[in-house]
Amino acid sequence: MNSLGELFRITSFGESHGVALGVVIDGCPAGIPLCVEDLLPEIARRRPGQSEVTTARKESDTPVILSGVFEGKTTGMPIAVTVHNEGQRSGDYEALRNTPRPGHADETYAAKYVHRDHRGGGRSSGRETLARVIAGVVARKILPADVQILGHAQQVGHLVAKTFEESEIERNAMRCADAQVGQEMVEFVRGLKDEGDSVGGRIEVVVRNMPPHLGEPVFDKLKARLAHAFLSVGAVTGFSYGAGFESASMRGQDYVANPANFGGILGGISSGRDLRLMASIKPTTSIGEVAKKGRHDPCIVPRVIPVLEAMVAISLADAWLIARSRAT
Amino acid sequence: MNSLGELFRITSFGESHGVALGVVIDGCPAGIPLCVEDLLPEIARRRPGQSEVTTARKESDTPVILSGVFEGKTTGMPIAVTVHNEGQRSGDYEALRNTPRPGHADETYAAKYVHRDHRGGGRSSGRETLARVIAGVVARKILPADVQILGHAQQVGHLVAKTFEESEIERNAMRCADAQVGQEMVEFVRGLKDEGDSVGGRIEVVVRNMPPHLGEPVFDKLKARLAHAFLSVGAVTGFSYGAGFESASMRGQDYVANPANFGGILGGISSGRDLRLMASIKPTTSIGEVAKKGRHDPCIVPRVIPVLEAMVAISLADAWLIARSRAT
Amino acid sequence: MNSLGELFRITSFGESHGVALGVVIDGCPAGIPLCVEDLLPEIARRRPGQSEVTTARKESDTPVILSGVFEGKTTGMPIAVTVHNEGQRSGDYEALRNTPRPGHADETYAAKYVHRDHRGGGRSSGRETLARVIAGVVARKILPADVQILGHAQQVGHLVAKTFEESEIERNAMRCADAQVGQEMVEFVRGLKDEGDSVGGRIEVVVRNMPPHLGEPVFDKLKARLAHAFLSVGAVTGFSYGAGFESASMRGQDYVANPANFGGILGGISSGRDLRLMASIKPTTSIGEVAKKGRHDPCIVPRVIPVLEAMVAISLADAWLIARSRAT
Amino acid sequence: MNSLGELFRITSFGESHGVALGVVIDGCPAGIPLCVEDLLPEIARRRPGQSEVTTARKESDTPVILSGVFEGKTTGMPIAVTVHNEGQRSGDYEALRNTPRPGHADETYAAKYVHRDHRGGGRSSGRETLARVIAGVVARKILPADVQILGHAQQVGHLVAKTFEESEIERNAMRCADAQVGQEMVEFVRGLKDEGDSVGGRIEVVVRNMPPHLGEPVFDKLKARLAHAFLSVGAVTGFSYGAGFESASMRGQDYVANPANFGGILGGISSGRDLRLMASIKPTTSIGEVAKKGRHDPCIVPRVIPVLEAMVAISLADAWLIARSRAT
C-alpha cells in the first residue's frame, strides 16, 4: 500500500495533477529541530527543469508542514507535509485518457482500477517521489549526524564513470563523480532529447560512517529492506549491494579477499563498513513526438539520485529505531 | 523480523543445529488439499548432497504438519510444519565459537546479539531456507493452478547458458536449461571443489500464466515485494526484473520496442505477461581447507533455485489475496 | 502509532491548534462515488457548539480532499483529507504550557515527549477524532449498503434510557433514544455546566444487517479489533459486547438462552446477527473555573457517538476486505 | 490473524485435538536466561483439573523449546515452543461434527471456513491459550524485574470480593483475594457443576511498579492495545481500566479527585502509577448433560487469570521495546 516502515513509517499520497501531494511521517522522535527551510534543498535537487537534461516543467514545490512540529522542533507526533500542485494543464493529457502509453503504468492501472486519474500519470507519476525526498530529510535527522548518504551517476547509456571525485557530483547536471565523463553524459543526453529518445543508467549510493547492527533476521535483512525501498521507485529495474551481479562470475577466494564485495552487510546486518548499493534505471518511456515537446526527461538518472538517497535514509532510520529497541 | 507477508504470512524459526526448524503459514484459505507428501519433492530439490556439486551432508528432512490441516485439507487455521534436525555434530563447529569466518554472518551476529548459537551458522545458516520451501508449496496451492514458476541457472562463474530447453533443467546437477553448458558447469564446479574454491552465479525465475493486477501502489509494487523476498535469501546479492541492469545502457526506443523488457510488471502491477526475474548469487564463503573437507557447496546456485521459486510463490500468494480483497 | 487497519488503513495527523488536521485513507477500492458533501453531515454531527450541552467553540471544519478522488469517484489511491484549524487562540492556553491538568494527557505527554504542543491538548485533543469521522464516511461506502450503524446515549450520569425509539435519537441534544430521559439528560447536563462540573455516560452501538464471517482467529477476533478501535478514543474507559459485564453475574443456562447475549459475535467471528457494542465514557476532566468559561463539554457523550460509529465502520470495512480475500 | 505485536510478536498455532499446539515468540532480545522449567509454573496455573471447580481433563502439557535458546539463554532469534497433545479422544466429539453447539464458535467457524477441525472446538478451543501463557513467561523477562502483574477473581456470579489480601489469591481454587468470599465461590461453583450449569465472573489485573511512557498516540494507546489483547481471549466479554464502567455515572469532580480512576493511563500512555484493568468473563456455554459428564469448567475464571496476566505481559513487553526505540 502507500506506507513503508515499522517504527519510522511514511505514508505517501497524491497524484501528479491532483490538488496536492504529501506525506505523513510517523515515528520521528520528539525534540528534533525541523522547519520548512530544511526541506527545500532536497526538494530542489529532485526538481525537474534544473538543466537542459531534465524536463522543463516548472514546479515551485513549496512544502507546508501541517503537524508534528511546534516552535521549530518535532513533537513525536505525525509530521504531515503537503505540496500543492500548480499549473496543472490537464488538457495536455486528455489524449491519454483512453490511450495507455506503452511501457507506462497507464495500462495496468486502467486494468486494475478501471477508474483512474490519467492526468500526467496520476498516482504513478514520478512526482510522487517528492513525498519520499521530504521524508528523507526527516529520516536523516534521526540517524547519527556523521552518517553520510551519497549517490552518484555511475553510468548513463554506454558512458561509465572511471574516476570518483566527490566534489564533482553536484557540479555537473548528471551528478557524475567523474567530471569528464559527466560532461560527455550531458552532451549525450542533450543529443537524445533532440532525437526524441531517452536512455537508462546506473546509480551507486554509498553510506559512510554506517552504524553497525542494523537489519533483522531473516526476512528483514537490511539488504532486503533496501531492495524493497529501491524497487518501490518506479524507474528502478534492479538492485544490488557490494559485488552485486559481478559476484555471479567471481570465485570465493576473490570474493572473500576484498571486504568491499560484502557491501557493508553480512548475514543481513550492517557490519559498520561503508554500504555500497547499486540501482539500474530504465530509460524513460516517454519518447518520440511526446518527448520532443520538452516536458519529459530524456534521462531520469540525476533526479532519481536524491530519491534513492532518501529511500536509504528512510530505511536506515527505521532499522536504527528497531535496533535501538532491543540493544543490550 | 522472522515473518513475511500481510494476508499470506509466513513465520520461520529454527537454527541449523538446534532441535528443529519450522514455519508457521498463516492466512491459507480453508479446504485446500495438503499432506506431508506434497512437501517432499520441494524439500528434496533443495536438499544438499544430491550430487557431487553440492554438500555431502545428509539431511533426511522429514516434515511434520502440526496444525491447520484436518482430514487432508487445510482449515484456514495456521499451518505449522517442523523438521527435526538430525545428527548435529556440534563438535565440528567448536572452533567457530570465538572465530567468526570472514564474509559470514558470524561477525555481525556476534557483534549484534553477543550471545549466539554459533553451530553451523545457527540461524543464519542456509538450512533456514527449508522453511521457505515448505511455505512455497502451500503458496502455490493458493495461486491459480496454471501458474508456472520456473527457475534455472543462467550463469555459473564464466559459463552462461546459451539455449533454453525447459526439459533439461532437472536433468543436470546445476539446473541449467542449456544441456551442454550445464554439463560444463558441473565439471567446472567439480574442479573448484578439489581446489577448495567456490563460485557464484545467476538465476532466472520465469512465471508463466501470470495473473494480472498483482501489486499495490506505491511501496508495495510487485517488483518491490519480489526484491524484498529475493534479498531476504542469504546468498542473493542482486535482483532485477525484465531488462534489469541491461536497461542501464538501453535507449528508450529499444526498451519500449520489446515488451519482454518490462518483465511482466508495469507501474508496479503485473500486466498478465510472463514475469522475468533475475538474482545474482555470491560464491559460498566457506573455502580453503574447510571447503575441501566436503561439507560445503562449492556452488549454491542449484540449491537456491527451489528457494527462489518458493519466495516467488509466497510473494504472489500474498499479492493474490490482497488483490482479491478489493477486486471489483 | 497513528495508523489503524490492515487493508483499509487510516493514518491520522494534526494537533488541536496546529495548521491542520487530516487523515489518509488507504485501501479504499476504486470507483466509489465520493465528494466533500458526503463528509459534511458526519462532521456536523461531531461538531461542538451544536447545543447548550456541548462546547460553544466555533469550528467551521471545512474538509478538502487532496487526493484519491477523480471526477467524483475514488481511484483506489490514498484519499487524503485535511481540515484547516481556524481561530486558534493559543494565548488562552499559555497557562497550560508548564502546568499539566490533572487527569489529562498533558502529564504523560510532557513526561514522554518532553517537547510538546501544549495548546488545547495538542495531539491528544478530542479534535483529532475529526479524522476518524471523515474516514468513517468512506468506510461505510465499502460495506454493503444495507449495513446500519447506530449509536445512542444509553446512560448519562444516573439517568438511564428505558425505551428505544430510533427516530428520537437525533431529536434531542444527548442523542438518547428515550425522548423523556433524553430531555432529563439535557436538563441535568445544563445544570452541571452552571456548576462547572461534568459527567460520564454509556453509549451503545448497534449494527443491523451485519455481514457474517468478519473477524479472524485468534488475535484479530472481531471483538478484539472493535475493542482496540473503541479504546483508541480518548474518552472511552470500557468496552463490551453482547451481555458484556452483565455476563459476569449470569448463569450459563440464561446466557445461552438469549442469543442477544452473544452480541452478534461467536468465536470472534460475526454470525450475521446484530452487533451489540457498548462503551463507557468518562466525565470530561476540564472542570471548575475552566469549565464555567464555557469552552468545554460538560458531557462528551453525544459528540462521541458519531466517533464510535465511525470506528465501527472503519473496523468493519477492514474486516470486510480481509474476509473477501480468502472467501471460498 | 494468528500473530500479535510489533517488536515483541507472538504467533500462535494448533488445535485442541491436533498434533501439537505452539507459539513462535519473535523479537525477544538476546542473552536472557530461559529454560523449559521457567515455563512450567504458568502452564500449571492455567491447567484444567487442578481442583473440583475446573475440568477434570488431564493435560500433562510438556513444552519443548525448538529454537531461539542456546546454552540456557535467548539468542535474539525466534523462540518456538510446542506442546504435544495427548490422549485425544476424538470419538467423544464425533457428535459435534455436524451439530454446532449454541453459543460456541462452532457455528461461525463452520459457516466461514466450511472445512474445519470440529474436535474439542479445534482452533477456537480454550486450549489455544496455552500458547499465550508460554509467551507471557518470556514477555515478563523483558520487562524490568520489579514489574508485578497480578490477576484475581473479583466476582463470580453474584459473589463479589470485599477484601483484598494478595497472599490469599493462590490459596483458594477461584483465585479470589478475599478468603471468605473465595470459599463461598468454590462452594457455589461446585453446586453449579452438579446442576450442569455454569457461571461468569470478573477478573481484575493490577500492574505494580509500572514503567511510565508506554503506549503510542493515537491508535496504539496502551489502553487500546490492552483491550485488544483482552478481547482476543475467547471467554472475555468486556474490558475496562480505572473507573471503567463506573465512570459512566460519575461526575468530573469525583472522577478527578481519585487518581486510581485513571487506572495508570493518561492520554493512552502509562503514567507510572499502578495499572488497573478489568475483564468480564462469560459463563461457559457447555451446560446441561454435556457439562454433568465432567469434562468442562463450570466457571472458567480461575483459569483465565494466568491467561490475562500473560496478555498483559505480552502487551507491555511490546510497548516497552517500542518506547525504548525512541526514548530520548
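In order of appearance the chains are A, B, C and D, and numbering begins at 1 in each one.
The criterion applied here is as follows: contacts are C-beta pairs under 8 Å (C-beta built on N, C-alpha and C of every residue); 3 or more make two chains touch, one makes a residue touch a chain.
Because the structure is a prediction, the values reported are computed rather than measured.
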In the chain contact graph, what is the shortest path length, in steps, from chain A to chain C? 1
Intersection of contact sets, chain C vs chain D, gives A, B
If I average the CA coordinates per chain, which chain comes out farthest from chain D? A
Chain pair with the higher count of C-beta pairs in contact (B-D, A-B): A-B
Measure off the straight-line distance from the CA centroid of chain B to the CA centroid of chain C, and report it in whole Å. 46
Rounded to the nearest Å, the gap separating the Cα centres of chain A and chain B is 28
What is the distance, in whole Å, between the centres of chain B and chain D, each centre taken as the mean of its C-alpha atoms? 38
Where chain D touches two or more other chains simultaneously, the residues are 1-3, 12, 27, 30-31, 76-77, 112, 114, 123, 217, 328
Taking the complex as given, what residues does chain D use to touch chain B? 1-3, 9, 11-15, 18-22, 24, 26-27, 30-31, 64-68, 70-71, 73-80, 82, 112-117, 122-123
Considering only the defined contacts, which chain C positions touch chain D in the complex? 1-4, 12, 102-109, 111-112, 114, 123-124, 128, 155, 157-158, 192, 197-202, 212-213, 216-221, 223-232, 234, 237-253, 255-256, 259, 261-263, 265-272, 278, 280-287, 291, 298, 323, 328
Contact set on chain C toward chain B in their complex: 6-7, 27, 29-31, 76-77, 217, 321-322, 324-326, 328
